[in-house]
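Which chain is which? They are A, B, C and D, in the order written, and residues in each are numbered from 1.
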Amino acid sequence: MNQFNKEIKSIDCNNFWQHRRYAGAPREECGVFGVYGHEDAANLTYFGLYALQHRGQESAGIVASDTRNIYEYKAMGLVSEVFQESRLKALKGHLAVGHVRYSTTGSSVLQNAQPFCVNHAGCTLAVAHNGNLVNAHQIRVELENQGSIFQTTMDSEIIIHLLAKSWRKGIEDAICDTMGLIKGAYSVVLLTDTALIGFRDPLGFRPLCIGKMDNGAYVLASETCALDLIQAKFVRDVERGEVVVIDENGLRSFTAVQAPRRANCIFEYIYFARPDSNIFGRNVYAFRKALGAALTREITVDADFVMPFPDSGNYAAVGYAQAARMPLELAVIRNHYVGRTFIQPSQSMRDFGVRIKLNPVKDTIRGKKVVIMEDSIIRGTTSRTRVKAIRDAGAKEISMLVSCPPTKFPCFYGIDFSTKGELIASKKSVEEIREFLGLDALHYLSIDAMVKASGADSDRFCMACFDGQYPTDINEHVGKFSLE
Amino acid sequence: MNQFNKEIKSIDCNNFWQHRRYAGAPREECGVFGVYGHEDAANLTYFGLYALQHRGQESAGIVASDTRNIYEYKAMGLVSEVFQESRLKALKGHLAVGHVRYSTTGSSVLQNAQPFCVNHAGCTLAVAHNGNLVNAHQIRVELENQGSIFQTTMDSEIIIHLLAKSWRKGIEDAICDTMGLIKGAYSVVLLTDTALIGFRDPLGFRPLCIGKMDNGAYVLASETCALDLIQAKFVRDVERGEVVVIDENGLRSFTAVQAPRRANCIFEYIYFARPDSNIFGRNVYAFRKALGAALTREITVDADFVMPFPDSGNYAAVGYAQAARMPLELAVIRNHYVGRTFIQPSQSMRDFGVRIKLNPVKDTIRGKKVVIMEDSIIRGTTSRTRVKAIRDAGAKEISMLVSCPPTKFPCFYGIDFSTKGELIASKKSVEEIREFLGLDALHYLSIDAMVKASGADSDRFCMACFDGQYPTDINEHVGKFSLE
Amino acid sequence: MNQFNKEIKSIDCNNFWQHRRYAGAPREECGVFGVYGHEDAANLTYFGLYALQHRGQESAGIVASDTRNIYEYKAMGLVSEVFQESRLKALKGHLAVGHVRYSTTGSSVLQNAQPFCVNHAGCTLAVAHNGNLVNAHQIRVELENQGSIFQTTMDSEIIIHLLAKSWRKGIEDAICDTMGLIKGAYSVVLLTDTALIGFRDPLGFRPLCIGKMDNGAYVLASETCALDLIQAKFVRDVERGEVVVIDENGLRSFTAVQAPRRANCIFEYIYFARPDSNIFGRNVYAFRKALGAALTREITVDADFVMPFPDSGNYAAVGYAQAARMPLELAVIRNHYVGRTFIQPSQSMRDFGVRIKLNPVKDTIRGKKVVIMEDSIIRGTTSRTRVKAIRDAGAKEISMLVSCPPTKFPCFYGIDFSTKGELIASKKSVEEIREFLGLDALHYLSIDAMVKASGADSDRFCMACFDGQYPTDINEHVGKFSLE
Amino acid sequence: MNQFNKEIKSIDCNNFWQHRRYAGAPREECGVFGVYGHEDAANLTYFGLYALQHRGQESAGIVASDTRNIYEYKAMGLVSEVFQESRLKALKGHLAVGHVRYSTTGSSVLQNAQPFCVNHAGCTLAVAHNGNLVNAHQIRVELENQGSIFQTTMDSEIIIHLLAKSWRKGIEDAICDTMGLIKGAYSVVLLTDTALIGFRDPLGFRPLCIGKMDNGAYVLASETCALDLIQAKFVRDVERGEVVVIDENGLRSFTAVQAPRRANCIFEYIYFARPDSNIFGRNVYAFRKALGAALTREITVDADFVMPFPDSGNYAAVGYAQAARMPLELAVIRNHYVGRTFIQPSQSMRDFGVRIKLNPVKDTIRGKKVVIMEDSIIRGTTSRTRVKAIRDAGAKEISMLVSCPPTKFPCFYGIDFSTKGELIASKKSVEEIREFLGLDALHYLSIDAMVKASGADSDRFCMACFDGQYPTDINEHVGKFSLE
């Protein structure tokens, strides 16, 4: 019934990539970046991707144009691994787009790296996409029935095919047609031979912002931290449903599709985005501190100090410590030299995976009542190991505070919680989770308190992972999940 | 006017490949191989490509199928460099196709490596192609006007698109439709999820043969030397215009297109094919010896000995020595450890390129009348350097015999002489060539003597590079060349 | 006059290593590790080095023994880069020593990687050394005059040669003889075919501790954080002047040389050692918090919050915030994906080096009075850039607190401040430094307050970098520095 | 009893090198090269080693001097793999020595690569050695008893230590002292900071010649083919027992030790040296042709043709064909693209190792009486496989001629026949060998005919591998072999 399970497996030399790293953490799918009007466009894109690396560590790619030629380089790996100086220099031109990726659709192989680039009817198109289309499968089947051939399993290729179908109308109308057909979450950056274009879905799931450099060059980026690094000034967000076209005539924009409400992903604030970024109009660090402070209004804990595990709960812990007037201790030390892969111990070593990265300061913890601050709990396995490490270090009592509500529902808009089965809160009560984690006490922030801390109305956010209210039709996905 | 000159440049780390090696020699474009019905299909394909490596040294690829999954690996480089053991093991299944390539169409980049593989409408197709289509450009423009998107500049992708257009008719009819549309030289090996298919153009430009292994597995290969290595028995050649389908029901075949004559590339005999192969029904070693012997009937040379430059003129020299009862000397020593690239000397060293590979035995040559046997002369620069090396070694008199006629016309069927401008015989008379090469005497075998040595009729061969009689319409190419 | 300036330059492919990274920070030279009595000795050593990676990032090496053979692997790079699984598996045996290095003596080349291993008179010796001998040059000259040949410029080779000279007396007497001749700082781990030996200089400059595993295996390590990772229990420190021999008869020890005082490097506490380690009998995290708290007793700052730059001032900042009841903000975000090298921007980007790793949270800093906590200031260039970044983020007022006294004198015991010229405090007054750094206020902790915070007497420590009182004769070095 | 069997195993990433390639062939140990007085000294040395690659394919190294600094690079692999352009450029200076190696003493690891280079008492020495000392072990034990430390198991290090012991006498006297102590085969090229020195053992086992370039630069090389490549003129051989010193004053020489006879290795002519080289005063190609021709005087074979296996018997076959007036066929085709390692077939393939490199031309061989010419037979396994391949190709009758006598005795002067056990002729009669090889007839050239073909007296050569008459005392080795 599922005609796609016969997949082409491209065997890559970097095949350790095919094993998921950081097993317990949710994975963001992508970061996108583009620049128009700067002679070092590819170089700036490299740095933009560097700043967005937290949004995807699996592959990186840049496509640049000097209007006469298009230059492309993509590979598996981190930005710093993928681009050597000579390669970057070969990516010439004043116009470039880039992409970092952690796969949610498509398998973890080079052919699925983005930007996706084609030479069509004498013109070039390169698409970099953040998000997840919920009707991709249906569109693909229709296109294949018309004889179209697909190279990858990526949403970006769907977008390219739809653009090609309306090609003769011109690029702007082709984008309007395409946005009328695709559904779900998409923040897209698109390079043509002569223009940089950005567009965002009408509900505004994923962030996308506009920046400007001193020389007048325009920048599009998933987060403002990318603007900071290259010293571009923040101009504004790309609006939901908006298309922004940047070319030799400057920036112009129009609204292609509209929706009655917005649905900003609140998990971007809680976990994904960098704390130094401002997204959807608000600073992430401040948001996280507010979540930590909100916890003090819901619960009082008797403890000697609050401590984060670096760096996940850092900022909520700072907010909590200040609001609760409780000492903050950075009582877990991170080994900054842990490579992305490491050799497993040949003997059995308990809790090895966590200890190689993080070691508690036993002298600080021994005999104390400790509050651990977590930003979220997905599968629970990582938190469980952490609690055990603190227990082994001699803590007398361990409470855990979580700066968001229980994560109960899968995300179909680009976050890889994958299936309900992996979400501990979809199967267990808070009390059962407390027991599973080996805690003396456990408290999650409530949905109401979270919304209140945000200072905005609840219909501003997509909170489907907490409340199961999906802002779009998800029939295609529901069918897929019911099979499993 | 040329809409294709805006090319996507994929920057590969192996970028030294982008410089043509062996500048003066004609380059064959491809070798193809396929096997059906053996549990070690990819392993056998690896060895098949190993034996066909002389047909293309730029990239290598294998696609294998275990009917449930398709496994693909391609990279720039020699077969021995591209495939490590772990990669080969990951190419599972009883069915595989492989390809080695020297680009004639498409640029020298990884994305143009073959086999070209797609997942279309739930089925998989992998195409490996040897030859050159003469109407590729025209077909591509038509397909793009219908919204098709191309990833590469390869003929194989044209073939895949045409197969997709007729997909609903079934694969065999789709192949018939496709063969009805494409023109030029093609020996194709095609993998589907469940079958190995071979087909060859109606004029039969390039070789393709069928072999069978002891366990009943079928093999398709460009040359019989690939059968020898894996100990498969030669069954027969794939006929021109024939389609051979091998699946769980065994081998069946049918004729898809017909042509009034055949046009076997005679240059395969003269230069490209391995001497231990039998192609188009005859052994290459014997053919070359016959060409050498034929020279004795056209000309008599007063000399102390005949010598080849290893290994180009070896076999014609053996034939000549035996027929002329002249001693054969292997008076040029080849350095077998010359890497594929080498560092250039920092000081100027005369004739460095030839001397690093080949060193004359001065004691043997000094004071002697020498006949150098060459299999062919393309640009003349290599031969000139060789003559000079023999002169420097002290030869008293140097004659050169060439075991084919002057090469005057470009090939549009898959051999990269490129343009007329590069062929010395298209611009100079034999006397002028003799002078350019610094020879005391020069003689080319005549077309008549060559055909007579073949033992076949002249209309059996494509000899367009010698006589300019192209067996197909070449308008598309003529247009392209007239622009330059 | 300096006969060593004609150095053999081994050209390594990893030659980017020859440029010093992290230019402004002091560099520890080495970490050492050894294990006896565990079938996975090399594997445990790998993890021990992993935990000690902060002590040296230039090269890593392991030598293992199964009593019949000795297995050695060393290379330039981080532990995670140097050792792949297959290499580690080849390092067989129940006995191993390892080393991570940042060169202070000897150039940054592979031949200077440790452990230094020789096969002498049928026995094997491998030496891993942390520290710096102050009379190395003098001993080498004497040995060369006797016909000894040196391969490297490392202190470890000096030690090996001296051991060889007394070889016939047996290894223990040979160590006593050697310790009687060498002067300076040394914590050495030594492997023979059958024993693991540790010894430490009589003043006890560098740390070295003993641990024990559940199976009875003994471990020697520079810091206790290495014991934690492999779950070994801390037994005790190796005493200054002590030799510890571990073999099939268990652990025995004796005192080889004595000194009237101890001279523990206080900079290990302030900067080098990991906060989760206990060295010289005290926890480093607690020591750093005490230094931060001590600052509140010396000075009062009017500010909105205190912030560290991650991770240098983290722990002093925590101690200060608690003692001063001032909010702590983690207002600088670290990019965890910064590779060890990165491509420089092609355009000029101000303060690029710091911004790629660290980005201030502007919303938090803007308009605020800020205290930056630094653990130390060496050259001042890094701190200056950091102050500027905070200023650019909109801080109204910036004070800096330094949790140690001004660093005025070079170290000859293994820390690479190199020469006086590089130490800003050796040339400028505190007021001049404040101005150079662009601060509104600057305060260093006093020597007295530092000693008081330590809870120990001042003659326990080597504080030569602060007060110029070198605990050993340093004539050889003084001569060297006066030449410059 | 053998104190050296506890060896330090340096685990190299290129560990496939530790398996012997070309198992059946004798292995020459080394090629040496040096140049003085050319600004591109390292570049010329690179090409010299390129030409000498056949003498050692395991490691390559160059040491260069610009008198101020010494630059060194060595690695496992072929010259073309080891030296990239950037590395070569870093080897500055007008003076360089180089070495290619196949280990006979010492294990196959990087630390045993040559030239062996030390910085001793302010001076630099780099030694490149071809040959094998027969009293190395005895000297090493004596030196170790005096406290000397050895890094490697190479003869070169013995030489360096002895030079260091006499260092104060000056380099020339130190060489005389050293040559007085070492026994066996040695052709040494030595670099000091300011001079290039060559010396050769008094019996003259291994070749070493002097060349001169147009600019006056002097060259030392194992074979004249290295002079040809860099266009140096052959001046003369270094005499046996002679020391040649080349420095800013030009070339001077003296005799250091004398011996009553010479002992040129005749196997250099038969197998090792390149046919285009002249060694010991005679051309190798001519020598091999003479050996082939000599066979016609000992035996008459009734056959259709004679054929070599490329390239081992090529030149003897040419000599034989001319003398016997028998056709020569190059009836085995070599695959020039065989990598140095290849993946083994997963299924059993008969005689795979030989067939991947060499494929017989079946059409030529079928039904014929064939003479195979071999230059030598060591273990017999390779020849056996080759005979089988010709038999499988359909030969009616197969005779083999060997252009040297049966190889019965091990070599202690630098050729790796290893032990008697591996030499088929030391255990089997000619008739037994014929049967083992599956031949219809087998004939070896006799010792007398071989000497006669050489045109020299028998006491000119070391023929110990044929007659067991070792020109030096070999007690140390005999003891070693009797243990096995």
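Methods note: contacts are C-beta pairs under 8 Å (C-beta built on N, C-alpha and C of every residue); 3 or more make two chains touch, one makes a residue touch a chain.
Because the structure is predicted, anything quoted here is derived from the model rather than measured.
When chain centres are set by their Cα atoms, the one at the greatest distance from chain C is B.
Distance from the chain A centre to the chain B centre is 49 Å, each centre being the mean of its Cα atoms. Separation between the centroids of chain A and chain C, computed from CA atoms only, is 37 Å.
Distance between chain B and chain C, defined via averaged C-alpha coordinates, is recorded as 61 Å. In chain B, no residue reaches two or more other chains under the touch definition.
If the chains shown are joined wherever they touch, the resulting network closes on itself as one ring, and no chain has more or fewer than two partners.
Pairs of chains meeting the touch criterion: A-B, A-C, B-D, C-D. Interface residues of chain C, counted against chain A in their complex, comprise 38-40, 43-44, 46-47, 50-51, 53-54, 57, 78-81, 83-85, 88, 225, 228-231, 274-276, 278, 283, 285-286, 311, 314-315, 318, 321-322, 327-331, 333-339, 341-343, 345-347, 349-350, 355-356, 359-364. Only residues 3-4, 6-11, 13, 68-73, 87, 90-91, 117-124, 144-151, 160-161, 164-165, 167, 193 of chain C touch chain D when the two sit together in their complex.
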